[in-house]
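The first chain written gets the first letter, and so on, giving A, B, C and D; residue counts start at 1 in each chain.
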Amino acid sequence: MLDKNGIAKRIAQEIQDGSYVNLGIGIPTLVANYIPTGFNVVLQSENGLLGMGPFPLEGEEDPDLINAGKQTITTLPGSAVFDSAMSFGMIRAQKVDLTILGAMEVSENGDIANWKIPGKMVKGMGGAMDLVASAKNIIVAMQHVNKAGESKLLTQCSLPLTGVRCVKKIVTELAVLSVLPEGGFKLEERAPGVSVEEIKQATAGKLIIEGEIPEMKI
Amino acid sequence: MIDKTVKNAEAAVADVQDGMTIMFGGFGLCGIPENCINALVKKGVKNLTCISNNAGVDDFGIGLMLHQRQVKKMISSYVGENAEFERQLLSGELEVELIPQGTLATRCLAAGYGMPAIFTPAGVGTEVAEGKEIRNFNGKDYLMEMAFDADFAIVKAWKGDTAGNLVFRSTSRNFNPIMAMAGKITIAEVEELVEPGVLNPDHIHTPGIYVHRIFQGERYEKRIEQRTVRTQ
Amino acid sequence: MLDKNGIAKRIAQEIQDGSYVNLGIGIPTLVANYIPTGFNVVLQSENGLLGMGPFPLEGEEDPDLINAGKQTITTLPGSAVFDSAMSFGMIRAQKVDLTILGAMEVSENGDIANWKIPGKMVKGMGGAMDLVASAKNIIVAMQHVNKAGESKLLTQCSLPLTGVRCVKKIVTELAVLSVLPEGGFKLEERAPGVSVEEIKQATAGKLIIEGEIPEMKI
Amino acid sequence: MIDKTVKNAEAAVADVQDGMTIMFGGFGLCGIPENCINALVKKGVKNLTCISNNAGVDDFGIGLMLHQRQVKKMISSYVGENAEFERQLLSGELEVELIPQGTLATRCLAAGYGMPAIFTPAGVGTEVAEGKEIRNFNGKDYLMEMAFDADFAIVKAWKGDTAGNLVFRSTSRNFNPIMAMAGKITIAEVEELVEPGVLNPDHIHTPGIYVHRIFQGERYEKRIEQRTVRTQ
């Protein structure tokens, strides 16, 4: 079973050299730590920055320089700043190659719910609806089951949707799964020490298992 | 050039009336018009509709106006980090319209560019699409979203000149230039007000034609919401 | 009767202090020479400049700095440069207070034709259709009659239109006329030495003459 | 950063094919991609559809491609000052679609911002409106105009870095940044190519994400179309 950093590590393997990537808040943010050395990957922060650098050193924080999670960050040589309309313009025009974000639920046809729980205080969707509606490739980083032990990989989402038919791949503490165009979660890899049976147990939506399922290499 | 300077924040917001719709630049607490917000709090105008990506925190930014119950409705993409906000929302005192961040930005752009409506795929198939026109282009569905119509846009820039030209610094740019274009009346507060000719025409983010009033703000706090550092 | 400079001079009286103005090619360009000293008027050039200055001195021409007529120009302190989308964005959003342009024909309901003569080589409308469709206030600078002696102020335009119901005022070598919301050219002023009768003769569209028509002061 | 550099204009346009649609930045002869136009002339690709505000002059700019009969169709707002152009047009060899300049610009913006269509009042009631959807918003009619779909966008910037970030100089900016955003593949030629970090992130007009290939051009002629001077 993977911890949060393990999930981030596995997702980092999906990132291609020479690509532009938008990382959501939470586990996706950790992915930045595991991008292979030597890879030229440019991180887009939807509040208006391409080329997000690491957090600043103590004392070097700049209140005018934050990421979409409102954290203090730095720029890199070659960074560019732009306004919010251009930021979402480039997202909408599919110039960003990969979006990695968290989810509360994903359905077997690729729908995603990650912004609202009826009856609870709703903070808002931020840029998530724009990102999922436009990204060429979307990977979801999440726990396989919620705190109540219920599967988050469902036939249909029960929560209000963020986007429809958009998720391409899911990485959880148990497995890597791809969402098939015709519907269904195709089991691609097991987390170290996790059995196919455990993944079956934790997946409520249609799970497709073909042949031997390899263990992840992380 | 046309001189757009006003004396200070109080003069800039003097004619803001109860019930008006106001855009506020900024993302989180980054690049918010601190001086004008304080002046609006002091002025005490009420029943405002605020278009702003976020709603500040309890004791800073738009949170200060919420605290005074000056806000009737917030139009935002994300409104966490604010207990008073939550209380007013749950008690029904405050109305909130949550819209996708890119839709928020592009509805500003549309207003500034004289386009009555734009198309975006954000929100298709979700509750955001309810009651909106959906249109298919090249096999993909888009929502038609309308340009904002704001009485005032209040923005914060790094530098500005008396002709109203604005330059923003780093990610404090965010919604500021597109809101500056979108207001019927646009107020800009700047950290440094300079004479025309000081700013390089190629570096200007917002041309002065979009700005009606400008002044040099004071005592910028520039609070950091999530101070995050690395160790070496 | 006015010459071209006279028309430009009379139009310059229409310009308000503190306004943003777009000047078309031809007579409108001359208007810049007659803006009253002390007036703060900012000229917009739709290729992407606010604050157009005078032509450069010999030897100071900059190939990267031209106006919409492709002439070398200069900037002024406080000028701002922007791309063509923003330029027409500010025009469309009615941030430009006044547009002054030439015309081949104007109709009594404010339609304008100034870009195409069927059967002749058509060079294009440039930015004229955008300007007339959006400007808050449009003044036409033109000759009252064409080279064949035919009136250019018509009941209906015979040439392909540039825009509909948009012209507010016309200044010709003979007169100043406003276009009434309900239709009709209202004669406002006569050029020096020109009689009402001469203007009547030269106007094919509905001409409205009320009371004494003063002579222009220029 | 991702290195976008290619060796020269020939390498940049190597895969441009007959029949493609190409955008060219520039207004008149100001800010045109001289090196790439010359390389396309040398390459001899044919049946091109060119989206460009103007069509050059007889012996410079796109006029060189017209002279070689490489252009099937021009999409422009103004095409004067070109005798060969006129001859080909009148003889039916060349197809021309004239569209309002603001519509041209905004259809570029739409492509770069992923908006399938935009609304503009330009051309309402004229022959430009023929066959187009007209829609009334707040009592005013607008035409729905579609985003451009270009195989290549070829632009000229003043400075650029190897990550593809571009900075334009004065009014040679014009259509360049919006076309840079609009091409499926965008080629930028620059007067000066620098390393990442040299350009101030706040001064960049076109972020590198929009640029696929960049090179430092040579022997810029920067011809002036209407040299106009004042005497004192």
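Definition applied: a residue touches a chain if its C-beta (ideal position, glycine included) is under 8 Å from a C-beta of that chain, and two chains touch if they have at least 3 such contacts.
Predicted model, so just to flag it, every value in this text is computed and none were measured.
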Return the chains common to the contact lists of chain A and chain B. D
Give the label of the chain whose average Cα location is farthest from that of chain D. A
For chain A and chain C, let me know how many angstrom lie between their CA-based centres, rounded off. 56
Cα centroid separation between chain B and chain D, in whole Å? 33
Rounded Å distance, chain B centre to chain C centre (Cα mean): 36
Can you list every residue of chain A that touches 2 or more other chains, as numbers and ranges? 49, 75, 81-82, 85, 88-89, 91-92, 134
For chain B, residue numbers touching 2 or more other chains are 106, 113-115, 120-121, 168-170, 173, 201-202
Touching pairs of chains, all of them, please. A-B, A-D, B-C, B-D, C-D
If we count contacts the way the header does, which residues on chain A are in touch with chain B in the complex? 45-49, 54-58, 60-73, 75, 81-85, 87-89, 91-92, 111, 121-130, 133-134, 160-165
Touching residues of chain B toward chain D in the complex: what are they? 106, 113-121, 137-138, 140, 142, 146, 167-170, 173, 201-203
Interfacial residue positions of chain B with respect to chain A in the complex: 27-31, 53, 76-80, 86, 89-90, 98, 100-106, 108-109, 120-128, 158, 168-178, 205, 222-232
Write out the stretch or stretches of chain C touching chain B in their complex. 18-20, 40, 42, 44, 49-51, 75-82, 85-86, 88-96, 134
In their complex, what parts of chain D are in touch with chain A? 1-3, 111-115, 161-163, 165, 181, 195-197, 201-202, 204, 207-210
